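Next up: the structures, one after another.
Same chain, two partners: chain A is paired with chain B first, then with chain C.
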Partner chain A sequence: MNNAKSDGFFKTLFQKKVFPLLILLIFEIILFSVWAHARGSNFFAITTLRNILNNMTFAAFLTIGAGSLMLAGHMDLSASTIGAFCGIVTAWCIVHSVPWFLAIIIAIAFGIGFGALNAFIITRFRFPSFIATLGMSSVIRGLMFFFSSLGMGSGDGTAQNINFQNETLYAIGNQKLISEFSICVVIMLVIYVVFAIIIAKTKFGTKVKMLGGNPVAANLAGIKSKGITFLLFIISGGMAGVAGTLFASKMQQGSLQALSAAQFTGLTGAILGGISFGGGEGGLGGAFVGMLILNTFTIGMSVCNVNTNLSTIFNGLLLIIALALDFFRQARRRRV
Partner chain B sequence: MEKSYELRGIGKSFPGVRALDDISFKAEGGKVLALLGENGAGKSTLLKIMNGDLRADEGELVLNGNPITLHNPQEAIANGISVIYQERQLIPHLSVMENIFLGELPKTKLGLFDKANLIKKTQAIIDDFGLPIDPQEKVGMLNVAHQQMVEIMKAYRRNSDIIAYDESTAPLTDTEIKILFDLIRKQKAEGKVIIYVSHRLNEIFQICDEIVVLKDGKFVKTLETETTTEAELIKCMVGRDIGDTYANLKRNDKYGEVVLDVKDLKTPYVHDVTFQVRKGEVVGLAGLVGAGRTEVARALFGADPVLKGEIILDGKKTNFKYPADAISAGVALCPEDRKDQGLVMYRTIRDNVAMPVIDKAVKGGVFTDEKRMTELADNAVAKYDIKTPTIYKNVVELSGGNQQKVILGRWTNELMDTKVLILDEPTKGIDVGTKAEIYQRVCDFAKQGMAVIFISSELTEVINVADRIIVMHNGHITGEVKREDATEENVLALAMKE
Partner chain C sequence: MPKKSNAFKRFASGTGFKLLIILIILIIIAVLISSDVLHGGSPFGKGFFSTVNLRSLFYQMVVPLFMMCGLGMLLIGGNIDLSVAAQATLFNAFFAVMCRDTSLPWWVIFIMALVIAAIVGLLHAFMVLRLHFPAFIATIGMSSVYTGIAGWLLNLTNVNVNNAAFLSIAKTTVFKLIPLTFLLGVVLVFICQFILSKTTFGRNCFAAGGNAFASRLAGINTGRTTTILFVLCSVFTCLGGLFYVSQTKKADPTALTGSAPNMTALSAVMLGGVAFSGGTGGMTGPLIALLVMRVLDNVLTILSVKTYWNTFAVGALLIVALIMDYLQAEKRRKALLAAVQ
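Coming up: the complex of A and B.
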């Protein structure tokens, strides 16, 4: 069966759409290298890679949650709001003289708590996750505005960003650890790899994909969905918390608008990376390549001195194309 | 000129499957030709090719003596070819008349939609059929039989020369079947070419002149209805005599102690259900659709809540909250609906076989043991002779019979310890050859010491495979019959007993 096995492997590679994505990424790199050269700047450099990774760090945390949830057929639209909330919590704690490590733990605990609450609503009342998290997103945003207006800043009850100063947190967000890469980027890479392995190789990951492929059949084959759903939303909330805390650390500010763009990038990366909207197929590795494609374009445009706003258009177009491909694939399946 | 539709050497392959191989026959005007074969014999594929929905890899289509090439169903319609598919292709939110005239709605001189004319034209067709259908009724509001008749009217309206009916009588009652047959006789008299696909042999003998038999994508032979018999047809279809299938089963005759003891079971769907199953015994659950057989199975499996009563497994009272609890206690269920409830269609054979034992096939505590999973699947493929080039194929690409074998492979893999196996309609939509194989498997499971519950709506099947038949009606058990005493009549009488 050796022969058949390798056939299966390559077929899987193509089905997961990772291979064409890698080609697209290489094409991008060549395009920008040549273009930048013509314009007298340099694209193919370690600093470019640094910029790309810096640019995608926070969205990558959200992709871990969004990607894993999509594999199970769920979605978390509250992730970026949870992240911003946790950033505000971090800032509030530092301003109120809480030690930095405790501030991080408290902030991430909030993220995990919100994730668990999302899961509770979805499993207990059988709401579609799309609706439950959309509602929760608004609730959390409201709480955040309320919280940030209490006894802070002008004290007149208007919500505002919370500025703070903490050397350790600043270092975590900005100091270089390996070569050009900051502590924050290295943390992202390590956590991402860990979760990619969890999804690809562990029994938990296998169950997630089964559940996403057919929840009814998975239940009748002895896979309990409740615990898995809870864990997934806790991962999503927790990762949003990590992203929010790191973002606040880097900026030395708890921002009300933090991560609002990262939600979109995180989801787009996951879909572009071949995680099917219906669930069940794909993995976090592909999602990472999807994110690289999006961010390489943004950085490439800036290296080539093109108005970077154009890259937002490109990102939107790529999302539409990725969704269209997913749609056509599923439509073709229905015909067969 | 004489109308005809001829196929010459048609061949078609899908990835990993040779669906059709060198099919040649000629359907002539003024005759009704039946296409007959088991599920998976290639009838549907053949119709799709005749209709331009699929392109043949080899061979040619010859219409009235002229070779033609069809790129899509619209071209087929333009050439006077209409296929009435098994799956209705109606738009439920549109009215009967809009569905029938879709794409060719009559217009007034101003280019507006001519409703009065449309009603008149549609009513004329409905009158031809003699059916009580309102042209302005939404199709979704009609019963399935009338929906099917609207589908037939669509083709009738086009007045095609070549008409193929694919299992058109399946949703019809006797009244509509009579109307349809009158229509077919009329079309035959007009010299049209009629192709009739059905599993119902008695219908074929009633309406058809010639029968083309297909098996495994190959042409077997053409028979004249007048000179053939049902037995001969079945022999052609299966390639052997199946009359002895049941007689040849190697059954288990040594029963052990009681494994499953159900007392006064009450769920939202069934009441006062009491029965026992012994080790090595095959107990059949018979009854009409909606009698509550599936619901008993689901309750035993922890998929439906138990309101009252006891389920005792191996002498211990159980309290299953989830199917997962039932599975770890040794109860397994092959659900009625393979595609929606049994399998994760877009995952591999391997993953589907290993599904309930993901927690057992592990290394290092948390990582899936891919090698072990591969072994389990390889063994299942070998044991049940699942036809596939590799265990890495998604189950959606397998035939119904092989899909069912994947589920059997799941519940009997080496990491499972199944004591009670519940099979809910295990042969639904499966061809005759594989059915016989599954019957023998059921007996083998009993020999291995499992207690088997066999649920089926096919009476002949359940009274011939099970050792003892429990009959249900309306959520209650109405009686029990031993195989030796069971006849279709006495089981049916119990199934309809109030």
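Coming up: the complex of A and C.
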């Protein structure tokens, strides 16, 4: 798009993938505001925004990993399991009276380690990442259940959630920092912005997108695909580790089922936000809007007190609508 | 060289053969640890080969088996459907509610469910072909639509089915051992394998999955192929789901989405040598892979290790299989290079 600037700001915006999503988001907000008003409750309030951000915090970390991997044409289905593992590690460390900062470092190191392991088997044995990480997620889940039983409870090897109490970690998870927003939401926003800038503005980000767009051409252009794949999987594992640790801190529990729903939310958020499945197109900013749409919807449904079955149906339809919007945008571009 | 030995050679170098060896080893281990063979008794009667154990093993495989047939062919054709578990839940709900609220004979409702399944398949094909939605994400979206509708139909509780004729489908066994439904699933696998390897339609599936653009240029109607594959996938899923109802005597809003037989089926398909990107593989490999996964599960249960080691083992198996594939491909590449030089 060389002539983007001369076309003016709005035309550029209109051609961006994010544009229909922003409209969808605004439409959602208006819809729920009116609907909630009709039902006598209030949607357009700061507490709603807080709930939305709280709801999406952990999935957003997974979106960073999933989104940047998908840009490079890869996928990590083990991220939520890695996150849960790291949560268990945090809890285990605290229970065994390891200082809280060391516990966090150990947990995130585990996340990075698993990410590196994923990257190793994918680059060394040329596995398709979808299936390799599917296998790894089973392996890690098994290890996590085993680990959670180590030296805990009755000691007969039964897997269990690990409860713990630590004031600092509780504060990180729940303390409000800026008006209504807790420390962990602020951490999420900061890290997200940093990664969005890295992907959008740095050489590394460009390389990632080239790798996803056309791996052969990228290789010929001298881009070291192995190194980038390694880094991306480490980012994904590390972010999953951060999410798992924060989740455990917030709940004061290392849960075996932690983040299990966040996997697909993170992935669908990224896809909804315009990161194409084959890679090469999109950015983390769009993915954030995608996440906002998904979570605004969930919270809106609960504010308006919608029946669960109906909200499940609407959730699915929302994805279809987003896909349809993208289709019409592309159809218009094709005609031009 | 005679044709037969060629076919054997091809099989011996494929994924299916390796899996078959693993399967046989697993079964031997299972028999050794669970029966009285080591004490001079017979391998049958107790442990792995006991009627009770085998029958439960077969019953567990019915749903993944049917899903596997549809998913495997769809994947070979270069598409994917992640909504099969939700679809099965929906058809089950439809069947159970219709049985409860209407006086139609069960087979009419059965056929109606199959027709709805076909329509669902057409809908997916429409989304993927006409609207150019990525199949992966569109089917995730639709799967929550189906789950929602099923929940609404069932009012989020179990609905029992007590039509004797329908329930007898799952009860029927051959030699008092192999359930009819399981046998049908296995037959379906071989039919699919035959279609894939011997018919023009099968050839078209491989072509569409391998390189859709080139096959369109070669005059193959890839759109029609994909549509048929989506419809078949939904119809097979519906069959598997309804047999599951017949087996459990009820429609459950969460059983199938919770135990994720679609993930079992998908793992089996990939373990069995179908590439995720489409265009390669067959159906016998996945069948053996499914058997391996289930027998492994069974062995670990007999050994009474904690269930989480099953989860671990399935993942490890997947990765080991992939590494073996890689090593073999590498060997072939080296041999080729040597031949060229």
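Everything that follows uses one rule, which is that the second predicted complex is superposed on the first by the 291 of 336 C-alpha atoms of A that agree within 3 Å, B and C clash if a C-alpha of one lies under 4 Å from a C-alpha of the other, contacts with A are read in each partner's own complex, and residues count from 1 in each chain.
Please note the rule applied: contacts are C-beta pairs under 8 Å (C-beta built on N, C-alpha and C of every residue); 3 or more make two chains touch, one makes a residue touch a chain.
Given the structure is predicted, the values throughout are model-derived calculations rather than measurements.
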Review point. Touch check for A:G40: first (chain B), second (chain C), both, or neither?
Key: neither
Study note, to complete from the structure: Counting residues of chain A touched by each of chain B and chain C, the higher count belongs to C
Review point. Which holds for A:F146: it touches chain B only (first), chain C only (second), both, or neither?
Key: second
Review point. Can A:K203 be said to touch chain B (first), chain C (second), both, or neither?
Key: first
Practice item. Go through the superposed model and pick first if A:E281 touches only chain B, second if only chain C, both, or neither. Key: first
Exercise for review: Applying the touch criterion given at the start, work out whether A:T268 contacts chain B, chain C, both or neither, answering first, second, both or neither.
Suggested key: second
Practice item. Kindly classify A:S137 by the partners it touches after superposition: chain B alone (first), chain C alone (second), both, or neither? Key: second
Check your understanding: In the superposed arrangement, does A:K224 touch chain B (first), chain C (second), both or neither?
Key -> first
Practice item. Once the structures are superposed on A, label A:G213 by its partner contacts, choosing first (chain B), second (chain C), both or neither. Key: first
Exercise for review: Report, in rising order, the residues of chain A that make contact with chain B in one complex and with chain C in the other.
Suggested key: none
**Study point:** Parts of chain A lying in touch with chain C, wherever the complex brings them together
**Key:** 121, 125-128, 130-132, 134-146, 149, 157-159, 264, 268, 271-272, 276-277, 307-320, 323-324, 327, 330
Revision key, fill the gap. Touching chain A in the complex, chain C uses residues 127, 131-134, 136-138, 140-149, 151-152, 156, 263, 266-267, 270, 275-277, 306, 308-319, 322-323, 326
Check your understanding: Along chain A, where are the residues that touch chain B in the complex?
Key -> 1, 4-5, 7-9, 11-12, 201-207, 209-210, 213-214, 216-224, 280-281, 333, 336
Exercise for review: Sort out for me which residues of chain B touch chain A in the complex.
Suggested key: 301, 303, 322-324, 327-328, 333, 335, 340-348, 351, 355-356, 358-359, 362, 366-368, 378, 389-393, 396, 410
